[in-house]
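See below for the structure under consideration.
Which chain is which? They are A, B and C, in the order written, and residues in each are numbered from 1.
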């Protein structure tokens, strides 16, 4: 039932022909210690000299076995298991030198599986359940078939058009790229919480601060100061906008009083019943002294990294 | 080679190159068998430039050769691609802004006195750039510090008609605890970013094979 | 906005972007005043793809969006611009990648089981560095091996829109060869699918096929 393993014979061909073709279409061929190797193994017996090449040419014992079955019509039943095993054992010795013991072990395991299959086939079958008994090769065949599918899938992926090898993405010059910085969004609620915090800290929630602040007056104070920014006197009446109605006029008047109290404006009248004038007490300093004060020191940042807090 | 065969190659080369290419460099793409001379390349470049009429890019000759570039007219849209994700305002900025809103007109030293820390120029500048605050005057004390007030843009941003619509301080004092509020906020961006790259449902389910996996 | 106005902007945006862009991202280039909807953008993309006919580039949709790329036909000339050769990938890497692509999520031991060899750490690292694969979880078995899946970058690299576009996994091939005589009687369903039951006895060997190898 067993046949002798067919020796794979290195065929001499000019070395140049091979040196230039390290990989060919289907199976890699290689040079083994200066000798070109043309023929792939015809069964599981691999000449020790070619072992390194085989290990590189095949992706493991499944790949080799698949190759032998598909290409060499090897029947896995026909393998001289004892012989192969003996040979594989010698590889293990060889592999120690090349430090690829692990790989060789995988081939050895395969030989062991084959031996097991063969021994099971040789044993007489139990008479019962004949039809249902599983062929001992079933598991190995299933694995080979499964492996083959992915071997082909790998070839399919290799054949897909891909970046770098088959195409590249293309781009046009944009010139100056001004990155637009989006200002952070702000909820009024957040702002009020911040105020609560600082007021607490400064203990400003004292009774004097709790009075209902007329914020419209504060707003008007700013507006008035802006109008008085030109360092000249303004007629008292000119600062009111009649169209705002009584409420607006009151707000403006209160703002004036508040500004005067805070000594931000001076109010002058030459004599009683003479026109009243307002003037801002200070105007813009010559130099931008304000900006210069702490430009050098880093101080607190205006922004925080979005992830923290 | 015919001009019509050359055009696609030169167009692709110019777009694939990260640098402008000269006629000479374009010529180097062809070998003798291609039989291409510089005159042909120049004609192709002209034809390609004409093809750009009405498109978003143009073929331009610059000092170091030819390149495709984005037309000036579409720049306003293109720049929107490089919009930076907004960060968040610091607590320091928020406190300063709140004090300016409620205590305007107010100077920087006054803000610093309340907050107990120096207010950085950066914070003031950021708020001025956003046009939320402005200098409304100067206080008549040594150094003439600027008086800050909020702007109409500030009111508009928060949908307020006037400062009066801001809640009074008494109400702020009784506001709920920040911790409770923050919990109701949506998940941080990070969590969203950590989601798998492969959208669900893209993984092919090959039920017939499922039992093969062992 | 009219389609004709949109075209130059979208063409320029795709060429200006370093990454493929989705319809959604393209939509973000426009503000409300521009009045552009995603349907229009999709139509523009179609028109732009048509415009590429006969040119050196094509508009391609991949997993992470649309991109312009060099047509395969002209790529041989384009590669002459670069001295660096594109990387080649070993069979070991491609087989491992195929298993991850078709069987994701999958662990390394599972890959090794199917391939019958150990998967080197290097291969996994290379694919992770290229961002083709990533750890998507851990299997709840002793050792908690990582489960690998493919990424959008993998699809982009191989010109795929989604995993469904991968070539279908081949059918399981029977192990029999023409030399083996088959029993004519029908076999149990399972056996038919799984294996060729070779009858006991001598199998004829045919050496005529041996020259296939060269």
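Here is the rule we use: a contact is a pair of C-beta atoms (placed from the backbone, for glycine too) under 8 Å apart; a residue touches a chain by one contact, two chains touch by 3 or more.
Quantities reported herein were computed from a predicted structural model and do not represent experimental measurements.
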item	value
Longest centre-to-centre distance from chain C, chain (CA-based)	B
Chain occupying the middle, per Cα centroid	A
Chain A and chain B: spacing of chain centres that average the CA atoms, whole Å	21
Between chain B and chain C, centroid-to-centroid distance (C-alpha), Å	33
Shared-contact residues (touching 2 or more other chains) in chain B	12, 15-16, 57, 68, 70, 78, 80
Shared interface positions of chain A, touching two or more other chains	142, 146, 168, 170-172, 174
Complex interface listing, chain A residues touching chain C	1, 3, 27, 38-40, 42, 59-63, 69-73, 75, 77-78, 102-103, 106, 110, 121, 131-132, 135, 137-138, 141-158, 160-172, 174
Residues of chain C defined as touching chain B within the complex	7-13, 15-17, 25, 28-30, 54-57, 68, 70-71, 73-75, 77-78, 80-81, 102-104, 110, 113, 134, 136, 149-153, 162-164, 166, 169
Chain A-facing residues of chain C, complex	12, 15-18, 20, 57, 67-72, 75, 78, 86-87, 89, 91-92, 94-95, 97-99, 101-102, 114-118, 156-160, 166-167, 169-170, 172-173, 175, 177, 179-180, 188, 191, 194-198, 200, 202-203, 205-206, 209-210, 212-214
Of chain B, residues touching chain A in the complex	12, 15-16, 18, 57, 67-70, 75, 78-80, 82-95, 97-99, 101-105, 108, 114-123, 125-127, 130, 134-141, 143-147, 149-150, 157-158, 162-164, 166-170, 172-173, 175, 178, 181, 188-190, 212
In the complex with chain B, residue positions of chain A that touch it	142, 146, 168, 170-175, 177-186, 188-199, 201-202, 204-205, 209-210, 212-216, 218-219, 221-223, 225-226, 228-229, 263-264, 280-285, 289-291, 293-295, 297-307, 309
